[in-house]
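Please find the structures below.
Look at the two complexes coming up: chain A is in both, with chain B in one and chain C in the other.
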Partner chain A sequence: MNRALRQQQIRVAYLFMLPGLIFFLTFQIYPLIKAFQISLYRWEIMPGQASQFLGLANYLRAFQDPIFWLAMRNTALYTLVTVPGQMVLAMVVALALNRLVWGRVFFRTVYYLPVITSWVVVSLLFKFLFNSQAGLINFVLKDLLHLTPNYIPWLQNPGTALIAIMTLGIWKGIGWSMVIFLAALQGIPVELHEAAAIDGASRWQRFWYVTLPIMRPTLVFVLVMLTIGGFNVFIPVYLITGGEPMHRTETILTYMYNEAFNFLDFGYGAALSYLLAAIIFVLSFLQIRFLRRPVEF
Partner chain B sequence: MNARKAFLLLIVLVVLALVVIACGPAATPTPQVIKETVVVTQVVEKPGEKVVETKIVEVEKVVTPTPQPEGPVTIAFWHAYNPVETEMLTKKVIPAFEEKYPNIKVEAQAVPYNEFRKKLLTAIAGGTAPDLIRSDIIWVPELADMGALVALDELMPDFDEYKDQVFPGPLSTNYWKGHYYGLPLDTNTRILMWNKEMYEAAGITEPPTTIDEFLAVCEKIKSLGEDKYCFADGGTYGWAVLPWIWSFGGSLTDPDMTTASGYVNSPATVAAYEFLKELLDKGYLHPGILGGGVDTSGGYAQDQIANLLEGPWMPAIFEAQYPDKEIQWALMPAGDGGSISVVGGEDIVMFQQSQHKEAAAEFIRFMLSPEVQLMMADVGQVPVRMDVTDEAVQKQPYFALFFEQLKTAKARLPHPNWPKIEDLLTSTGQAILRGEKGAQEALDELAPKIDSLLATD
Partner chain C sequence: MVLNKRQQFVEIVFLYLALGAGAVVMAIPLIYMVSTALKGQVYVFEIPPRFIPREPTLANFIEAWQSNNFSLYFRNSAVVAVTATLVSVLCSAMLAYAFARFQFPGKAPIFYMLLFTLMIPGLMLIIPQFLLAKTLGLRNSLSGLVFVYVAMTIPLNTFLLRGFFEQLPRELEEAVLIDGGGYGTIFFRIILPLSQPALATVSIFTFLFAWDEFTWALTAIDVEAKRTLPVAIATFHGAHLTQWGLVFAASLIAMIPIVLLYASLQRYFISGLTTGALKG
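What follows is the complex of A and B.
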């Protein structure tokens, strides 16, 4: 009797899971498998036309494609600059806000605003800010402060264009890490700081030996999430430079998008996105494996 | 755990976009393989003699059968006309058509140009392509090669009547592997738009007719000031550089599009790029060509840019934005290859997935009739029919020079791989203008890359 009841309960549980499961299978698992299939073909988009099976050729092609390596380098560079950039600045802001008695909610909201604004809007905004002729940045540098004799063609040169894109990435991301850091800071027992202070630890020592170790799980979490986000950079690059000039500012996702949707090379595009997924998977695994440790008091 | 979840979500997001396109439902009309007997006349060349042979060959054709229309049918027509042109289409042209053919309803849908190709490809992959589109001329070979288009010269028995009536340059953009997959609908080209006020300030009375004269003009314009430019263009894509390449006597490939080696790196093509580099180095050419955007119309209107290569849509734009500035036109300056500009414009093409091919063909005929061509000329569309040019010029006097230029204008490579070829061409142009590579070296490197793209099929 008891067993039959339990059986029935399990059945009901599955029934309740069914809608979500169907959704998950249709919109998450099926596309995953289909994309992998596409990546093995020279994929024809016309219904009824046979696609040519290429095996791993699309993957091998990426390794011999100089633009792929350029995109790889830019994506890695973007991550290497924007992840520490966001984390350090977010920590500074979080520490400052944590000490504020008045106006903490106000400033927290202000710093969080960039996070909830649309990527498209702020990307276009940055494009105008960094415009070579009429941009605000050039106006301030040349006409107001006279720091440069000529307007800087920010978006025409790969290096300066990447600076603009990475500045946007850091600016937009600070708020997200800040809120998480702030929550973690407020969770640190005040007794620990008091004890350290009594033992004669300076402010810096308390931060380094008390605050940071306790925040370790939070830091690792933010690091992993930001790294994933960094490798997935797409909208700002697509809208600000489109990978130009000469594909020098291309990132993996903009290159994938261009190959698939502009050149209709869906097989290669799918292979590129699987390569990106593999890289992110390995990186996230390594980060968690080697950085996450239980907090020791 | 969080990271893993996020990772899963990430992959799903990455691939979802890809798959939305790929996994649509299959096309409703079922293509059938039909065996057909065709009489082929061949000229066989044997050593010393020419024999004309007539053969009966059985060929296999994939056709999608169209049911005969019984009741009223509706055909879908996608276009990217601007608002003024769209009003003419929906308020006058289509009502006139529906009056003439009460059994056919035309559902016109305006699709913004920038989204047109993606939206169309999504529809094709999902089996829901419209019956007809007004296609940018550069998309036609790609769509034809994909097998998406109906060969109009097979479908329309009266195709030759239209073929012989339209300008050959725009017509050529519909040709792919032995068939015509569309008909030109409107055309345009780029001619020299020169700035009278700046010319007068620099003491020049006449627009240049040759490239040497153009250089002389530039020298004088530069003396007006450091921030005055002789010429500006938005980048190094085909639309921008090809008029110079062709007018210098260069080209991208041989006429049959089989090889680029010896053409894209020929002395004439190299000279064209070196000319552009010289313009840039001397400050004649606005650095906006290196990217980052340049407001060419604004620069012209505010007397900062003395020359542009522009199309017939400019008068309407200036009327709206800079009503006080008058536009002057002249032909593309001639070089060793003559005065040769680039053909733009749109073709009308029909999709295999169309269920109402006969009705759609009627609409094509109607859009190419002299009456409709002249109606659209009222809103600035340059007609493609040679027999209405005089009347069109009476309506829009500035069309005259465009018709003149169109006589020699050439189309960008009508090849399905043009988007990739143009991508390489654009990067190569950037490398040359930025001085990273010499023109000869860069074009020598480019040639074999284009060669392999020409061969890919």
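What follows is the complex of A and C.
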């Protein structure tokens, strides 16, 4: 390729990138850098007041803050419960759907509906379902199945409130993983299963030694995405408990949001964001590094 | 696999029963929401709860739409989601075209920067975005929402579209160049028309994101007249704590475009999810 043509191509490429890059750099990359700067200050939001440089004090403050650790614990718990919960149930549904000849689209739609429903709507819906007096869940548990003698005040009690929020997380997410698993299952060559069956492998053995290893990249992808999503849990907690009672159901992002926008402590909020991003980054890296091995046929 | 007819039949029946039971559990919350929206306030907390409301009424829908400004919020949401989708998809397609067809200095770093932002929590940037919106005078304006939604959806859209563009045959493009056409012609007359399925997929996901986005809209907008539906529904719930029928009627109104979109373009929802995952 001659030089003039090359120069022209470079110009054309930059021109094509220009509009997108302006949005991306202004509203993603600049904020990313700015957030780090803010996290090093006692950031004053009022114009005219000088922000005070604190160095890493906001980060150290987090490590000594019991509410941060509580939020950390709740966020980790939410992820540890909802990620395997979604993946296992989604896998069961996908395996079952994969065997169907008739009605696959119908079932897929039903399981997928919660995925396309907005977080705001389903959060309010679960707040209603887990209502302490006349909620549907309490009715089913007490009046229908007689599993509890009294109505449970789900959302007033930190432990049970987290159960409600985690139930929502699993219910809403199953369809997403299921669709991905189903597509991966349909891509597995039938010959592999037939060969394994001829060799006398039981159904369970075929799932364990044929299906799962082939699906490994898909499983790792879903695991990484769901873990990121789990650590980012915000809307359901914000709308269902708001972190109450006494910060007991706080997660990292609800705590960050409250510190920033209710107490206007932007510096601390930004530090919390960066800590969360660091955790997510390390976890994703470890998951990809240790779980993603190439498949060999 | 050697199963006799009887075993197979039993297994299929069992599969349908199990899947059916699961589907009922999955659907009950949404069905209950619809039935609550159709109930008058006196029946909302009735024990035992009824899935088929007695005296079903559309009063909640009418009240939400007429007396609570929901038509305005619906319009705001529509304006924001449609604009954000058009701008984001066009910008992403142009970016993706540059990545798929040209060699230029900085290509790899810019691409990795886009990929990197896919991993960071969206909410992480909300503090600086808020300050930026204040500086630029974008608070309490729908364009402030659009700009941030465009920026947040560009990385994934670009990544997906680049993958698609790279698989398009290049012969047509070379023919255009020989005929004296420019790169703009190639992009608008060849690349975009050939990429309709991919464009549909990213458009749907961008629209869905912008239509449902809550936290940025909550933070950037203070004035009632500029609210979008998710914020309006949440504030509405805060103001009418026990009027669940009204809240769910408003929620269902907000869900109509999404359900219509899903019903008509289902295959793009599915293909969008699986392209990223199966390659990944």
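Operating definition for what follows: the second predicted complex is superposed on the first by the 296 of 297 C-alpha atoms of A that agree within 3 Å, B and C clash if a C-alpha of one lies under 4 Å from a C-alpha of the other, contacts with A are read in each partner's own complex, and residues count from 1 in each chain.
The rule we apply is simple: a contact is a pair of C-beta atoms (placed from the backbone, for glycine too) under 8 Å apart; a residue touches a chain by one contact, two chains touch by 3 or more.
For clarity, every value in this text was computed on a predicted model and none was experimentally measured.
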{"item": "Which of chain B and chain C A:244 touches, first, second, both or neither", "value": "first"}
{"item": "Partner chain(s) touched by A:98 [first = chain B, second = chain C, both, neither]", "value": "neither"}
{"item": "If touched residues of chain A are counted for chain B and for chain C, the larger one", "value": "C"}
{"item": "Which of chain B and chain C A:253 touches, first, second, both or neither", "value": "both"}
{"item": "First, second, both or neither for A:153, with chain B first and chain C second", "value": "first"}
{"item": "Partner chain(s) touched by A:44 [first = chain B, second = chain C, both, neither]", "value": "first"}
{"item": "Chain B versus chain C as contact partner of A:107, first or second or both or neither", "value": "second"}
{"item": "Which of chain B and chain C A:266 touches, first, second, both or neither", "value": "both"}
{"item": "First (chain B), second (chain C), both or neither touched by A:280", "value": "both"}
{"item": "Those residues of chain A which chain B touches in one complex and chain C touches in the other", "value": "27-28, 30-32, 34-35, 38, 45, 133, 221, 228, 232, 253, 256-257, 260-261, 266, 269-270, 273, 276-277, 280-281, 284"}
{"item": "Chain C residues touching chain A - in the complex, by the definition given at the top", "value": "1, 12, 15-16, 18-19, 22-23, 26-30, 32-33, 36, 45-49, 87, 90-92, 94-95, 97-98, 102-105, 110, 113-114, 117, 119-132, 147-148, 150-152, 154-155, 158, 183, 187, 208, 211-212, 214-215, 219, 230, 233-234, 237, 244, 247-248, 251, 254-255, 258-259, 262, 266, 269-270, 273-274, 276-278, 280"}
{"item": "Complex contact set, residues of chain B against chain A", "value": "2-4, 6-8, 10-12, 14-24, 26-27, 31, 118, 121, 124-127, 142, 146-148, 287-288, 290-295, 419-420, 423, 426-427, 430-431, 434"}
{"item": "Contacting residues of chain A [partner chain B, same complex]", "value": "27-28, 30-32, 34-35, 38, 43-49, 131-133, 153-156, 221, 224-225, 228, 232, 241, 244-247, 253, 256-257, 260-264, 266, 269-270, 273, 276-277, 280-281, 284, 287-288"}
{"item": "Residues of chain A defined as touching chain C within the complex", "value": "9-10, 12-14, 16-17, 19-21, 23-24, 26-32, 34-35, 38, 45, 93, 96-97, 99-100, 103, 105, 107-114, 116-122, 124-126, 128-129, 133-134, 136, 139, 143, 171, 174-176, 179-180, 183-184, 187, 194, 197, 217-218, 221-222, 228, 231-232, 234-235, 238-239, 253, 256-257, 260-261, 266, 269-270, 273-274, 276-277, 280-281, 284"}
